[in-house]
Each structure stands twice: as structure tokens, then as C-alpha cells.
Amino acid sequence: MATHRLVPTTWHNVLGTVPPALTVADGDSVVTETIDAGGDDKHGVARWPGPNPMNGPIFVTGAEPGDALAVEIIRMTPIRENGWTRAVLAANVVDPERVRDLPPRDRADWIIDGAAGTVRLKEPVAGLEHLVLPLAPMIGCFGVAPSLGQAFSTATSAENGGNMDYRGFGPGTTAYFPVSVPGALFFLGDCHAIQGDGEIAGTGVETAMEVELRLSLRKGLKLGWPRGETEDTIFTVGNARPLDQALQHATTEMFDWLMADYGLSAVAASHLLGQVVRYEVGNVFDPAYTMVCKVEKRWLPRPVAR
Amino acid sequence: MATHRLVPTTWHNVLGTVPPALTVADGDSVVTETIDAGGDDKHGVARWPGPNPMNGPIFVTGAEPGDALAVEIIRMTPIRENGWTRAVLAANVVDPERVRDLPPRDRADWIIDGAAGTVRLKEPVAGLEHLVLPLAPMIGCFGVAPSLGQAFSTATSAENGGNMDYRGFGPGTTAYFPVSVPGALFFLGDCHAIQGDGEIAGTGVETAMEVELRLSLRKGLKLGWPRGETEDTIFTVGNARPLDQALQHATTEMFDWLMADYGLSAVAASHLLGQVVRYEVGNVFDPAYTMVCKVEKRWLPRPVAR
Amino acid sequence: MATHRLVPTTWHNVLGTVPPALTVADGDSVVTETIDAGGDDKHGVARWPGPNPMNGPIFVTGAEPGDALAVEIIRMTPIRENGWTRAVLAANVVDPERVRDLPPRDRADWIIDGAAGTVRLKEPVAGLEHLVLPLAPMIGCFGVAPSLGQAFSTATSAENGGNMDYRGFGPGTTAYFPVSVPGALFFLGDCHAIQGDGEIAGTGVETAMEVELRLSLRKGLKLGWPRGETEDTIFTVGNARPLDQALQHATTEMFDWLMADYGLSAVAASHLLGQVVRYEVGNVFDPAYTMVCKVEKRWLPRPVAR
Amino acid sequence: MATHRLVPTTWHNVLGTVPPALTVADGDSVVTETIDAGGDDKHGVARWPGPNPMNGPIFVTGAEPGDALAVEIIRMTPIRENGWTRAVLAANVVDPERVRDLPPRDRADWIIDGAAGTVRLKEPVAGLEHLVLPLAPMIGCFGVAPSLGQAFSTATSAENGGNMDYRGFGPGTTAYFPVSVPGALFFLGDCHAIQGDGEIAGTGVETAMEVELRLSLRKGLKLGWPRGETEDTIFTVGNARPLDQALQHATTEMFDWLMADYGLSAVAASHLLGQVVRYEVGNVFDPAYTMVCKVEKRWLPRPVAR
């Protein structure tokens, strides 16, 4: 199982069926440097227009429609000492009549100290003079080529992943995507040094990162929506508007997972989810909103043999 | 500051302006036994029809429109060794075409062991034979009389609180409600032994509880929506459909809170929320859905003098 | 079948169970003068605070829960030569980021010429100098007391009717409301000289009207939501957010109507609705939005005997 | 201005940037035969898999990003004597708990009589024995390639048009689409012999049609969303979920149109829309719902010179 280094010379603003930048085997690792959501690289040099330029795609040998691609996020290292955010809440997360009162959506700069593991505003803001946040790296946008020859802007998300902006997609998490084209065609980019739930300012702290991933296949594991796993939890992801529909997608996907892989009946899966489920909000800023449905592994029975 | 015992002889299926069952002073405590969501008491005797019969209302001397009522949840003790749930996910939390496949929404019985602090299914269900959940008491429905002489069913929620079914409303939390009528007229009931996010089976483990609360006033603290506080966090609650709108209400209320009480500008409040906000889902079953917007106190500046 | 004149001396800002202002028999007519949405009467004198002060309630002898109240709108005559509107679109009907650019929501005055049957702006506005609209009277808010002792603000709507702001509720239409309390307790007010779909400026041309209605009972006709009828059409009304849910309520109510009263199977009702249904938008401004589901009578089979 | 005949030998299930099947000049007409939503041609022969196979794309010489493509629908002639529908309402248009009771979504056959101008069920259904509907042809899915290299399934719709399923897109209507790629790349298909609002059975009467169109350019007419025009009306189209957001898009587009082309201020445009706007519902079945915002030309001032 080799480790590859992907050094992009071109980027993509859609997740779609385009020629691969790298081909890897099932189980290989990849190290790559991402540029930020606006297209600036680790030197602050503009390399590609936004939204969210993607590295890739990576062709995984043997991936076929009907498989799942497992993406283990091994490491995310900031490679720039600064990041940026929008300075004001997005219009769609406050009461509509209150939008009139919002200040302009300027950009703000942040300082990222990788050694100290901290993130803080560059210019002091009254009341936040002492705010020092923990570095909490996450991938804002990643996923695979969608079905049917579709291609989706990296500003949004769908069954194939994309711009989900979920802070749980950081080191220690394995994401699973439904493969729709040969080779899966995996894309990634748009890394954040930290981000609250919902990406409600319209950004996390946008920066450049070196990311190390392991890509492997789960043959024949048909997924309806992206899934994920950490040491302690399993989760599913729905991407849609309104949030109600994103929640329906995520809940249905978890319901199916519990029945197929853990051998639960519809009633048993309902009992379990009804009393232990947790929801987390990915983005509520992009065209499709993201809702995560999570269950702690300690409540799960032993998986059934497939 | 006295402690009162409220022993209801009648209950209410609305939160509205009705004659008080008890009058207390600012800062007094109340101990009361609630009946379950279906109206059965601690002996399993049917006492009142559903939905969610409420104890109260409690008139708090000195409460006036424009004040906030603080409700400190001191203790919740199960007073029945059993509870019940719906056995199947609610139709509105799965993909619509999948509703065709759901089994009937029967009732299931659960055993509550207050001494051991556990909750488990009464009848074994395949795959969940070993599921023993921690007792995690919460108040499903509580709040005050709404404005204008309105009266809302205890099946739903609004600016005045109501059936929010948020698992964070347990011991250690103080909830704040906007007072709209003299005396505030506080109601409570519908306690759960445990419940997952969203109340997605349509119930938590519904049971009877003895609840101890302290009721106190925050004079002139105008709230738009319910708020809450724990040792480590502050939070706000929006009740509406779709979830997107509930989230807008909760976010706007938090935004206002940060500006009014912590002296932050709109930009500073946006910076803070953008990177540290957490959302939690109350119910996604009732006519109004519930979204909670939460911030850890460790990120907050010192409150300004009011 | 008598004709009564109701001359209010007090008004209501909720639809709820309050003492009746008038008692009538099944089939009686009522003539009454309404005040405008802000509470000004035909002389422009402020009589009652908003929102939408209601005349009534009217107790209809013999009405019981499980009946429907038919409200035939016989005549609506403007009794004031002026009306008013908000001058700018409501924030919730434009794209959220565009709300920043909207001008302030001032009031504008309109001239109502009952003899000519016209409505026009009082102050000329560039580009609309020649705009003369037809008088098209409608009742913005009417309905009956809801179930359970609930009481709802006249700013919103629900199963019992309320502030639906549907321009189809004018002379020639009969509305049907589900009776939930003895006597039905019918309220009305908030008349408009004209209004576009959606009430997207937040008002129609708000004014005072003399309204003539006939109130009659349909014993045992259980409704889930308001219904209506004109010479050529039948329609149902759903009140909820988002519009998707209002549409679900209205469609389900029409589906039930076609099966119960016209003897259609679920498949036949689906065929008919699928190819001939029309939707119309009531308000998209109030807390609950309103969607109307309509079918032309020419497509309907003969009603079955009940 | 030539008339071209486009005889497809391949079809597309996405609207995207693919090689053109035909190149025409600004102002040229095109006659082409479409196959039905499931891919069957005028002989009932399966030619291409669904969803909604598209003829095209047609490259319009001179079309550049920032232009609008005008598509005048001149004629739609059924070329098959039968069509089909789904026999039951879609799950997402009825109340969720009611989905349990819906019968299976079988297919039903319809007879299309082009000479008589009628459409009727092939197999008699109780209560609908005498139902003979007027032929009312419309294009379910048409539009242009989207921006950024995106490609969208013909099951959904967006800023570039697509599967809007609006019954107003029939002969006599001119649709306008925002051009995002050189040549515009126009696609069409999925014609219906008749369809109610909302496409709530999930289909109209799906059939094959011969369609005659004229394609012309409006240079530099930047559109945010599709627009349309008939002899008496202008309209705009929003595609999104929930319907509330589709309505926001359509209303904002109309607001912009009135200000840019008719010289109205924001206040004047608000006055006009507030009192005369009409909304019509396109599909409420597909991933993106469709709302139409319409104004009658008789209310409009003279357009300003551009």
C-alpha cells in the first residue's frame, strides 16, 4: 500500500467526470496540499478562481458503481500562518427582517499557529481581545463524481458529498462515499482551521493545508448518502434544503445502515434511534444544507456478517 | 424563599391564561409530580386526556410582561417504574416514499430503574437484548402563557416555550421564558426518562416524575425566544417549521444576547458564533420543530453591567 | 332565516373561546362593519389595537364539534374612501441577501372609489401614474374557535382558519370551517379592497367594509382544514410553513373530499388531481403560509349521497 | 432565418456542456420529435433510458455568457396516440402519516386524440368514466447548459431551467434562459399532453411530441433565473426547495425585471407586485420545486429603452 504525493497544477470547481490527476490502488495513501476556498495557495498566491477549488480527481483502481469509497483522514497540517473569514453572519441564518441591520460582509484575517495549535483574529475586536481558539482542522468540501454524468459546483453538496462543511470531517474520521463512476474520482479541498456548526458566517477559517488520506474500497456497499465513522461513533449525512429534508435523508440512511449491517428490524432500529440518536448541523449556508445523524458505537449490537 | 408543593387536581392541554393553581414569590421553589404525556399518573391511573397534560399554572408574584421567568431545574426523580414509547420512527423524519414501508406505530413499554439509574425495554427485541440506557430525565413541555390572550396546545411550541422536547432541559439547566401576562403563569409536564435528539419516534420514554424547580424573575429582561443556561453553556431556542426557521429564530436570539449582555458588536458576535456555535435539535416531530443555538461560556467575554 | 346586524363595541385579536357578541340560527344572515387591520374604523378613528381586530364571535345555535360551518360571502362593500398598504416587499419573499437593499417599510395611502369600483395610489409614484386597479374585496382573516381551548393570534392561521389572506375569499365564495366548540364561534375582519397573491407587501389595501354573510351548518361534516366553493370550483386550504407543508395539508384535504363526497378511489382521485388540480397561494407573509388546492366542478363526478 | 429539423440519434440525461447535435443561427427555427420521459419514441420503441432523455443540445451561434436565449414555443403536436402517468399521488404531496395508506404507484395508460384535441384514460376508472380532458401540450424539461462546467440531471431544475414541469410552457409562450456557455447549448424533451399544477402524481400524460421552436438571442440580458412571456403576461421562474425559496427566487427575479426594464423604483415595483402578482406552481415532485411569479402586461408601464 503505497503513499502518493499529489501536486496539482490545475484545480476543479465542480465534482464531475473529468480526467484524473492521479491513479492509486485500493488502500493507498495520498498526501496533498490544498489551496483555500478563494483559490490562494500556501504562499498567498492566487492559483485558481473560487468557489472552493478542488485537488484531484484521484482515480482508485477497481472502484465501480455500487461500491463505497472509504476516505480515512489521517492528518491535516496547516501550511500557512493565516486564514480568513467573512466578518458577518450570513443573511439566511437570521430572521429575514433583521437582515436589514446586518453590517457589510467584509473579510477578516486570522492568525494560525500550527505549533501552538491555536487560531485567533489578526486585528483586535472589542470583547474578543482574549479569544484564542483551538486549531480544529476539517475538510469543507470533498467527495466523488456523481452519477449520470452530472457535475456539481463545489459551492453545494449532494449524494456524492461536496461542500458539506461539517466540522466532524477532520483527522480520525473515515468518510464513505457512494461510487457512481469507474475509479470513483475523488476530489478534495476547502480546508478550515476551525469552524462552528452551520458555517453561519459563510466560512470557517479558510486556509491551505497539507492533508494525508487513505483511500480504500468497500466493494458492493451501496450507499444512498455519505457516511462516516470515528473511534466511538457512526454517522450519516444528508444534503438538501430545507434542513428537514437533509434530516430525513440522513435518518433514512442511518435506519438502513442499522438494519443492513447490524441486523436490526425496523422496530429495533426505531427504538435505538428514538432514544440515542444525535444530530449535528453541517452547513446552513450553501444551496444544500447538511444534517448529520450520529449513533455512538457503545449502543450498537455486533455487526452481522455481510 | 419558600418551597411549595403543588398537587394538581386538574390539568391543562394548552398553555394559556387560565386561573392559577398555585401562587409563589420570586425565588420560591416548587415540588410537583407530573403525569405522563398520555395522562397516566405514577400509579398508571388515567387522570386526564392527552396531549401532554400540564401541571399549573403557577403565578409568580411580581412577574410582568417584559420580564423573564427563570426556571431552575433542580431535581427530576422518576416516580414510576415504567414508561412507554412509540415503537416506530415518525413519518416526517424519513424520506416520504419510505413511509410506505414503516411498520404500525405501536406502543412499547420500558422499565425505569431509578436506583440503578437505568432505562431498558420491557420486552426483548432482537439485537437490543443488552441495551441498558442511562436515566437522563428531561422536561418535554414547559413554558408560560403566551401574549395577546393566545393559548397553544401542549402538542406544539412557540415563543413562550411549550412542547420543545429538548433533552437539554434536565437537572442543572435553568430555562428562561419571556413573560407576557401578569404572574407569568408557568406550566410543566410531559417528562421523559430519556430521549434522543429530535424525539424522532414521536416520544421519549414517557413517564411520571417528581420535579423540583426554582422560579425567579429577571425584571425587564425582554426575550424574543426561550433561553437557557448550564454551568458551562448558554443557549437559545427557536420553535418553528421548517428547521431552517427555528434555526433563524435561535440564532437571532443568541446574536441579540451576545450584543446586549456581552457588549459585542454585530461583527464581534458574528466572529464568535461563526467559529464556536453549536446547534442541537429539539423535537422534529411536533407541529413546530425546535432548534437550540449554544455557546460555551469559556468563549464569552465578561457580561456588561445592565 | 333572519338577517342580523352585528355592531361591535369590542374586538378580538385572537380566535378563541370567548363570550359571543351575537347568537344566530342555522341559515341566518349577518351584516356587519369591519374595521381595518390596524384597528381604524370607517371614519379613520382608531378603535382597537392590531393585529387584525375581529368582529364577533358569532354563536350559531346547534353547531357542535364535528360539524362544518358554511360561511357564504354575499356582499362586501367598502365603507371608507381610503385604504393603506406597506410600501415595500416583505423580507421573507425575496432572496435573503437582497433584504439588505430594500427601502424602509413605510405606509402608503390608496383611494378606494366604491362607485367606480376602483383602487389607486393616493400619491403618484413614477411609472404607476396610470395604475387604476379594480376593486376586488376579500376577507383577510376569518374563522372559528379552535379545539382544546386554544386561541390563536389573528396574525396567523391554522386548521380553524384565521389570517389566510387568500384573495379567493370574496363575494360569491362559500367557506367551510371545522367546528370545534359549541356554537362554532365565528370571527371576521381584516378586509382588503384588493390584494395580490401571497400578500407579499405584508398587506392588501387595508380598509373598512360592510360585509353580508350567511352562516349555516353542515352537520357531521368533519373537516381537517378549511374548504371553499364557488359557482365553478371547489377548493381546500392548508395553513403551515413551509409552503410545502401547507400544500400537503390542502392536497390531503382535497384527496379526502374527492373520496368521501364524490366516491372516488385513491387511484381515481389521484388521476383527477394529477391532471386538473390548480394551486393558488394565500399569504406567504404571516407565521403560517397558506396554500389553496382547487378543482373545477366540470371535472367532478356527481356527488354520492352521504 | 432558416428552419432546421433535428433528428436525434442520441439523447442526454443531463443538461451540461456536451457536443452539440445541431448548430443554428440567432432567429432560426427548429422542428424536432421528442421521446417520452421514460425514453419511448413515437412508435413506443424504447430508445434511451430515463430520466427525461433530452434532444440536443443545440448550439446557437453568437450566444455568449451574459446573454439570454429566447425560446419561442410555436407548436407542439402529439405524435403518438397514447401516453402514461403514475396512478397515485407522490408521497411528498400528502401529509406524511397518510403515505402509509397510499396504493402502489402503478402506471396508467391514456389515449391522446390529436384531431379531437382530447386526452382520456384508456381503462375505465369508477367515477371518471366520462372524464375527457383537453389536450394541453407543454414541455416538461428544457433549458441550457449551466455555468462552471456543471451538469444537472434532467430529473431536477436550477437557474438554467431543466425539469420545471410548468404547464405554462406550451405553445404561445416564449421562455428565456440565462446563457452560461458559448452557444447556449439548448436541450428539450419530456413533453406532456396535459398536466395539473405541481405534477403531483409524479408525471403529466407522458408522450412523444413534434415541437417547433424559434431560438433567438437577447444580447447582454443577464438573467438570474428563467423568465417567460405570453401575449398577456410576463413571468419568472424559481427552482429550489422548499417552495418558499423557489418563491423568493422567482419574486426577486421579477422585482429586478420591473426595476431594470420598466424603470420602476423598489417602492413602485413593490406596490405593483403587492396588489397584482400571481403565483403558479410548477412541479412539487422533483428534487427542486418550481414556483412561477406572474404579472399581467396590462398593469405594466411602457418598458424603458435599454
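Each chain carries a letter (A, B, C and D) given by its place in the written order, and its residues are counted from 1.
Operating definition for what follows: a contact is a pair of C-beta atoms (placed from the backbone, for glycine too) under 8 Å apart; a residue touches a chain by one contact, two chains touch by 3 or more.
As the structure is a computational prediction, the values presented were derived from the model and not from experiment.
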In the chain contact graph, what is the shortest path length, in steps, from subunit B to subunit D? 1
Hey, which chain ends up farthest from subunit A, C-alpha centres compared? C
Counting C-beta pairs in contact, which chain pair has more, C-D or B-C? C-D
Centroid of subunit B to centroid of subunit C, CA atoms only: how many Å? 34
Need the CA-centroid distance for the pair subunit A / subunit C, whole Å please. 47
Intercentroid distance (Cα basis), subunit D paired with subunit C, Å: 32
Quick check: what residues of subunit C touch more than one other chain, meaning two or more? 92, 96, 102, 241-242
The subunit D residues in contact with subunit B across the complex are 90-92, 96-97, 99-100, 102, 242
Subunit D partner contacts - residues on subunit A that touch it in the complex: 13-14, 16, 148-153, 240-242, 245, 287
Partner subunit B, residues of subunit A touching it in the complex: 85-89, 92-96, 98, 101-103, 108, 119, 121, 125-128, 130-131, 133, 194-201, 203-205, 241-244, 247-249, 251-252, 255, 262-281, 284, 289, 299, 301
